[in-house]
């Protein structure tokens, strides 16, 4: 079975393993106070254009990062605006609500919410004479790329930023698959743009070849005085803080993060083209590593014994929704096999 | 500087690194649904005498484990009884309260609370005619060994268990350093005893040579139906669940966990003896890897440039409290140097 | 200005004031342990067909009642299903989320959710292979009548009850305006039906002539052991518990609750008829004390200087949404004036 | 039985009942937006020296007030310092922890904590190199008078205020029995002093003759922008906001609050003197309406059939702790009877 079902299923990139081995019996001070953590934080801030103007903290996973950071940003009576299909709305078991805040979901389109949609919601809230009885919007959450593999353009990010500032909302970006977004041929923004436009975001590691973990980036538009005790009380501070840092150090020192992402996105787009040539059109115009299709059941029957991918709900009596997901670890031979199989359908 | 300041400062045991390397590009299903996780859970349950009678779940760290499990066990109006010096009371930034529960601290002695102390507290609570206005005790928390390096005897564990069952309290054990407790020459209980007496406990990994993480063990006296979504919403489920399992698999398959623990405890006791021979008596009669002393400042001045250990508050004008902590990673040569230095004081 | 803008705007029914005066300097024991509270609880349970099979507790207001009871019923990883327009979703400032739970809103129709809609949601949840990562439905919330003044029929209540039991959901009814529902000519259920079908509900007082407060009714399908300390820790137990009980005692001893409700509903229906005769149709087919209309702006201009009612958003360039609300305190003369004014439009 | 067991047991002061009756069928706008509420807020602010420099909000009870205001003031990682015997520590069922914050109890003396004790605690916290792992103190809570009936002097209040400002702590005063404190012959401070020194406090109503409720006073050292939605989501905003205001209007317009308090304190001090003359000394040197004694069991046997008071734990084989509590409603004849009975012991 060739694995196309996720991007966190493969163990770890060999360069990270090598770096871990080379540590030998090196000792570190605890809770991220070590020099490797400090250097890695500085490296990431620099790449985000936030040298001396931000904070990086390492977390163990995406749900933890979203839940801890959004709870840190929001006032108790505030909620976070996002798309209906957002991970915090759909697949985090109510982590945001468990920390006391509403997820305010807007319909969006193809998994994206538009600047106008956000603005309209905020205007309606402000105009409602009873709005003190309502959940106040306090932040906007987008994922980049979205759950559907879609990207926001630089202009869209700028527009959302403008609206956030006008309505005093924090702009938060979930970058679980950030690399696969940046590696898209359609991507017209950089980490530095995110540093300038978002108030906080995270650079995904778990799905991008790291041993595990995410790097949360907070700009200095956020008061981070209480962040450490807050993370600590949420169980989000690891004694071996250097361990998460290590993955990011390896991934970001020499461009490995982008190299791996580009390879995966290239594979995804070649698979997409093969399916399109067979008349199977993508459900969303995704240019990243996740590709969704409405596949004829006959094709599904022939592909699924050899290729593992997510099989969703049936769309009608003869079609089924599937997701094909490439990863930093997807081998060229796997991709080749899948493309051949598609051609022979 | 020879490191005696903690047991989580060294990278990771080489056998774990080797096992990680040997995985190559193996793929795992996510969130602990893989076979390595399943096998490791079974292995641990078996060693705890809980085959088919319990659940193991892997967590990223100790504060997370305590906070998530205690919140899972307690009803909203319940608190957890523990010693004044307990980690949850002193050093977890209010994680228990952040999940809505009071930490009910009893004075204890040398870091331990006695069965009688717990019983008296519960009787006072029950007798108080206004107790519906008070925090109801819902669990007892002990650490094994304690923050002071002390152990509870099997009889004490049995007595606490008896009291817990009489007063309908869950009995929870924080085993961040469980191995160093089991490796003590004074230890008269086993993992199977914990499985029989405690309702839930965790086997520490972070401080015991694992890459990171803890293995929480829940007996079937606890309804675990909601445990997965609860952990998920607290950000305590890792996509790469197999990674935490891997460390425990290596540590527990062939007795490595106990071997490493014994070595560290042996070193600690030799250091203690050397200091005792110099007339420096331990603050608590610890027989585990943590040793606390009230050291003459003159000795401190001579040792501290060469040996790193925790330096606490001054006890009087001429003495200071220190902690010397050995670890799975403490080299014999380091211990030897420290003992020599002590002898030459 | 004749008041038609709400049902909690007038002070208090004179009979309650009289009963309060007659107490003189009577002393009561605290926190609802007095005999007046006990008798009133028994009276209400009896009327709900729950003699010896339920619990009544008095609360200070509707948001408090919803937030406290739903949080008491739900497990931490569960949410509550309701209509998009539900009070808990729209107008309680996120009280449900503030206690850690998601409000799962279904579209509904005219403010009501259908049994089928609930069932479909639950089936989708159960079928989703990743549902352990999602918010688990734990309860269904309806209001009776709804925010739009609509009623559920006995058959609909029975169907919702059946679905709740099949999917292990608590069935919770918000009865802030319960009397105005029971007084509707369309109502085909009684308090005893609610006692049999719902797991918990509340009988509104604040909007029904009480001094203030609501009477929450919990059937013995709910374990109420922890209810008192839970309410206490949420600030929902009043020292003068007898005071809330007093209003319900007066309202329920001799049928005053229904008499007042019937009068108000009769007035509402006469006003509705007058508007219908002018061609102004109600927005929802409400047969209770709240009537919503899409009124021509010309009419609005002529009525609003003399009659106070809720004025909502404009529906189009020439119409505006309004709510006319009668109450236990609405005087016949006010209603007469409004009807005359409508006839003269 | 003459009632001396509490100060919230009697119904309501007749002047308040009269004012309520005089309202007739007056209509009010909801949620405290009415003119009676506005006037009463202004009246109280004025008496506290906070005209245009503070906010008053009315709450239904003391536990609610403490829980809501402290949660509003504290950051998630902060706790509140108080005496071991404080109401929030002892008798609110964990309401503070239920909102996520630790109650940090200091031993105190006679129910009071000293400025020095607070300062020492804060210094220890600041000096601890691991304090980011600890609960950060964020506020100081005192009650005035305390649970033991004791008062802080103006100098003590000033000193606590100074320490609070130095260590960036909010200074919060629980005034459930504030009147009985101000009416003490030993009291050397006024409402204006509290307005100047505390950041927030509440003026008790429930125990002082009001129908029910408390008036919370927040100075403009607190940002109150989110206070309304926060209170709303905690279920602490009543639709009939004017009702709580009404009691305070009556109590504060013409000095009734102090008149009633003085009468009750005078009675308490006369009872105390009678007991002292019999050689029964008070447990604490209270000069307010609560008097605690260690009474010979023989006396207890003779008094308890005729006088209702709180009977606590036995102090030794021949003595029992009791509390005698006078109230705004205590009749002179009751006090006379008790004094006679004491003289005849």
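So that you can tell them apart, the chains are marked A, B, C and D in the order they are listed, and the count of residues begins at 1 in each.
Please note the rule applied: a residue touches a chain if its C-beta (ideal position, glycine included) is under 8 Å from a C-beta of that chain, and two chains touch if they have at least 3 such contacts.
Since this is a predicted model, take the numbers as computed values, not measurements.
When the partners of chain C are compared with those of chain D, the chains appearing in both lists are A, B. Greatest centre-to-centre distance from chain A is found for D, with centres as Cα means. For chain pairs A-D and B-D, the one joined by more C-beta pairs in contact is B-D. Here the spacing of chain A and chain B, counted between their Cα centres, is 34 Å. One inter-chain figure worth recording: chain B and chain D are separated by 42 Å, centre to centre, where each centre is the mean of the chain's CA atoms.
Work out the mean CA point of chain A and of chain D, and you get 51 Å between them. Residue positions of chain B with contacts to 2 or more other chains are 76-77, 92-94, 98, 132-135, 229-230, 232-233.
Residue ranges of chain A in contact with chain D, taken from their complex: 31, 71, 75-77, 132-136, 226, 228-230, 232-233.
Against chain A, in their complex, chain C makes its touches with residues 76-77, 79, 90-94, 97-103, 130, 132-135.
Here chain B touches chain A in the complex through residues 3, 6, 8-12, 17, 20-21, 23-30, 59-65, 67-68, 92-95, 98, 206-207, 211-212, 229-230, 232-240, 243, 329, 331, going by the rule given at the top.
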